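Next, two complexes with chain A in common: one pairs it with chain B, the other with chain C.
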Partner chain A sequence: MVNEKELQDVVEKTIKRDDVKYIVGYEKGTYGFQVTPSFAYKPEDAKKFIFSPLCVHNLTVFPMLEEKPPLRKGEEPDSRKVGVVVKGCDSRAVIQIIQEKGLDRDKVVIIGIPCTGVVDPKKIEAKFPGIIKNADIKDDGDNFVITIDGKSHKVAKDELMPDKCKTCEYPSPILYDILIGKEIKSTKKEDYKNVKNFEKKSMKEKWEYWEKQFDKCIRCYACRNACPLCYCKECLVDQLNPQWVRRSVDVSENTAWNFLRAFHLAGRCIGCGQCERVCPMDLPLMELNKKLEKDVKELFEYIPGINAEEKPLLAMFKPDDPEEFIL
Partner chain B sequence: MDKLVLSKNDFTKFIDELLKKDTVFAPVENNGTIIFNQIKKSNEPNFNYQNSQYPPKAILFNQTETLFKFKPGPKGDIEPIKVDEKKIIFGIRPCDAKSLAILDHAFTGDYKDPYFLTRRDNSILIGLSCTKPGVNCFCTSLDDSPASSKYVDILLTDIGDKYYVEVVTEKGKQITKNTSKFFKPAKENDTKNKKEIEKQSVNAIERIQKTEKIVEKLDKIFDNKFWKEVADRCVGCGTCTYLCPTCHCFDIQDESTLTKGARIRVWDTCMNPEYTIHASGYNPRPERTNRVRNRVYHKYNYYPKNFDIIACVGCGRCIDLCPVNIDIIDVVTRAGEVKP
Partner chain C sequence: MKEKFEPNIIGFLCNWCSYAGADLAGTSRIQYPPNLKVIRVMCSGRVNPIFVINALQQGADGVLIGGCHPGDCHYERGNYLARRRMAVLKKLLDYTGIDPNRVRMTWVSAAEGHKFAEVVKEVTEDIRKLGPMQHFKRENKW
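Showing the complex of A and B:
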């Protein structure tokens, strides 16, 4: 279990540094099982910071979302560092972005937290519906202990964890400046069981499945905006001249959008599952991401977000790349 | 107002009767998500729902609306679209019905929108009272009730062994007249039961938004740093606006191939930076702070000033599904406490 006091102390100390602009972490949400991103600008803000299995967000998205309006005459850009609290999966996003030169390693302070699995908010809200008061969740080995109104419930982790945690190979942050607690080694293995099962289906079955899913999409782009790796200055779907994807919301354009999103993350997606978590229409987007992750792994023996020194997959060439898929 | 009862056995028969003549939309399950869709049989709807994930405003104000079609040619071959379909929206919640009344203001101003208004005139709302409000329901904070008949043509309330039926408008009366075999006059006890159910439902709403004097308060805190605090965590997606039953902004585009095209309008979202960007490249709402603030002001300041009604019905969808827990109950309540 993560010592929240230790986390708060680290944040307080870090925000006091002259070269740190703010630190993004987690604080209690407004109701039930909600946790919300929290921004510390001053040392006293550190007291709000928490860490629990409800801390599902990948906060790496925030430095990427920073908007830089034009400076006024005489104004200097604020080039101080941004602090981010990361779990294992989140840290891989930082690495991937650094690799792609989207972030400068010197411009981030990474506060790492070894993670023993988070709770899928949709699953827990279905299991304990109608909870308004803030509930408390603690990690207890193979279980989560959930305290609601003073009453504790023990629930097996497998029941509440999102799939990504069940096969997580990187629970500890790979890259960090400060680590809270001790590193954890994973015994889990990503076997792509779901992907393999889906691959066995006929083309028709596959299409029928996805057509139904894409039909639900409302193109709110929550999947894109919550994704730390979707950080293009202007997204392809927003472009009007030329217009690559039409604004009409129908199966055809929705399919174009969803494939486009998935393919642009091939060899880049680190599997944090934010897209699927935030989707208001419950599209199983990780199934697309996992398929591409598996293909990239098998074809190029490449895993994104592991080594900040390495080149991104699509920016490197190896003479011994397997080429059997090229016609 | 006629007060009737409908036995539970006759409930599906009543829907079947409606289906004989009318196009009926009702809440259905679509791959685990409840949405309003056209039904063909009375066993399709799922009435065991809190509310639809996607607001039923979409039936009248389509997310993608074709305004007219065109073909190339020297004369510009234009084919208008006729909007005249009649619809019954069955099972709409009182809050969503209210949202349509709020949208009326936006679509009837200087220019009467033929698409929305024709559909609105042609649709009949058969509401279903909310007996199990959700965690983030707060219609009571906006002077309403989960069992309010104010904005529907007919309101059904499950009072245990039967439905209590309030026939509010002429349109509603026409329906119950044509299907009178299913209805009996309500007894005093039924009316009492409905009031009791309504009271229980009102009491089940625990979350409260403080909206007292919010219009005046917002006038004073436009430049307050509070809005940055709220918006810091916003990721800028369109979930809150697309799922909002009262949001009504749209974008107009021409979409064409070499041989045909159409002018369409699609929902737009003020959370998107492009929403306000000028042709010159200047953007008056350059940061998320400006955009998040706009959403709150539009609903709790501009709209009440223009039309004397807060443009929020308390359905809680934006709270339920915000990726980062930006909670309109909390935001507005705290805005009321901010020192100007």
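Showing the complex of A and C:
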């Protein structure tokens, strides 16, 4: 478990540096199990920073979302760094963005936190329904200790963890400037069991399943906005000329959007599960992401978000790439 | 009377090889099925997967992408990049229950008029067997 005092001290020390603009971290939300992203601009802001199993967000989106208004005459661009608090999976997102040259390595300060698994907000709300004023979660080996209004419950981790944490291979950040606590070695292995089981189904069954899922989609694009790797200045679906995907919400356009989203993340998705977490209609988006992650691994022996020096998957090739499908 | 299903296939052919190959098939008077509607692109690497998805949305039953043989690309690497993209796209289509054989890729050089005719025949027959594409056809209602 991470020492919060250590985290706050590190954040305070970092924000005092002249070359750091702000640091993104987590703070306690206003009620229940909520934890919200928090921005520290001043040293005293560091006191509100926390880290608990409720810190599910991938904060890597924030440096990418930052608006850069045009400069006034004679104004110098702000070249200060941005600090991010990252878990293991989030650090892979940073690596992937650096690899694609979306961010400069010199422009980010990465504060790494080894993570032992987070809680799925949807699962915990289903388990403890109703309005909860005060709740606290602690990590205790194989269990989460949950304290609600003074009463404490012990729940097995497997019951509350999202699927991505059950097969997490990189609990410790791969790339960091400052690491809080000690590195953890993962004992879990990604075996893509769900994907392999689904692949065995017949074409008809597969489409029936996905048609039902895509039909639910309301195209709010929350999956895109929460994704640290969807940072195009103008998204393809917002484009009007040419308009590839129409704005109507029906199976046809929803399918096109979901295919595109999945395809654009092929070889880039690092499996942080934000898309699925924010989806208001509970679409199993990670199933598509995992499938492509598995195929990319099998076809091209490529794992995204590990090596910032490597070239992006679809921007390079090998002469002996698989081509058994070509006539 | 029930009409026989005639597949509607969109072909994205690269300007330098496959399109010239199709031209050669035409000038050599080689017979091949008229189901292929050709769109000329400058390179198979130009083919964005959205083109394929959009074609399937708008009523195509299949898509054929033609490029130069590996190593022959006019732009040196376009066909290699297209090959990677289509390999991933076909996996995605397969996983969502759309037969990946609806999206085909081929290498046809400018001298292979016969091969082009053979490929079109094969693709047309395959898609005829698969039947019309009705998974996510766009409905024009407004």
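Quick note on the criterion: the second predicted complex is superposed on the first by the 316 of 327 C-alpha atoms of A that agree within 3 Å, B and C clash if a C-alpha of one lies under 4 Å from a C-alpha of the other, contacts with A are read in each partner's own complex, and residues count from 1 in each chain.
FYI, contacts are C-beta pairs under 8 Å (C-beta built on N, C-alpha and C of every residue); 3 or more make two chains touch, one makes a residue touch a chain.
The structure presented is a predicted model; accordingly, all values stated were derived computationally and were not measured.
Student: Answer with first, second, both or neither: which of chain B and chain C does A:44 touch in the superposed model?
Tutor: After superposition on chain A, A:44 lies in contact with neither partner.
Student: For A:69, select first, second, both or neither according to whether it touches chain B, chain C, the two together, or no partner.
Tutor: Touch status of A:69: first partner only.
Student: Should A:218 be classified as contacting the first partner (chain B), the second (chain C), both, or neither?
Tutor: So A:218 only meets chain B here.
Student: First (chain B), second (chain C), both or neither: which does A:278 touch?
Tutor: first
Student: Give one of first, second, both or neither to describe whether A:130 is in contact with chain B, with chain C, with both, or with none.
Tutor: first
Student: After lining up the shared chain so the two structures overlap, which partner does A:206 touch, if you call chain B first and chain C second: first, second, both or neither?
Tutor: second
Student: Could you look at A:250 and tell me whether it touches chain B, chain C, both or neither (first, second, both, neither)?
Tutor: In the superposition, A:250 contacts both chain B and chain C.
Student: Touch check for A:57: first (chain B), second (chain C), both, or neither?
Tutor: first
Student: Which partner does A:313 contact after superposing on A: first (chain B), second (chain C), both, neither?
Tutor: second
Student: Would you tell me the residues on chain A in contact with chain B in one complex that are also in contact with chain C in the other?
Tutor: 246, 248, 250.
Student: For the complex, which residues does chain C have touching chain A?
Tutor: So the residues of chain C touching chain A come out as 49-50, 53-54, 57, 70-71, 77, 80-81, 83-93, 95-100, 104-107, 119, 122-123, 135-139, 142.
Student: Please output the residues of chain A touching chain C within their complex, sorted ascending.
Tutor: 195, 198-199, 203-211, 214, 236, 244-246, 248, 250-253, 255-256, 259-260, 262-263, 266-267, 288, 291-292, 295-296, 299-300, 313-315, 317, 319, 321-323, 325-327
Student: Spell out the part of chain A that touches chain B in their complex, as residue ranges.
Tutor: Chain A residues touching chain B: 29-32, 34-39, 57, 61-62, 65, 67, 69, 129-132, 212-213, 215-216, 218-222, 224-226, 238, 246-250, 274, 277-278, 280-282.
Student: Quick check: in the complex, which residue numbers of chain B touch chain A?
Tutor: Per the stated touch rule, the residues are 30-33, 35, 53-54, 63-64, 134-136, 206-207, 229, 232-233, 235-239, 241-243, 251, 253, 255, 264, 266-267, 269, 272, 274, 286-288, 319, 321, 323-327, 329-330.
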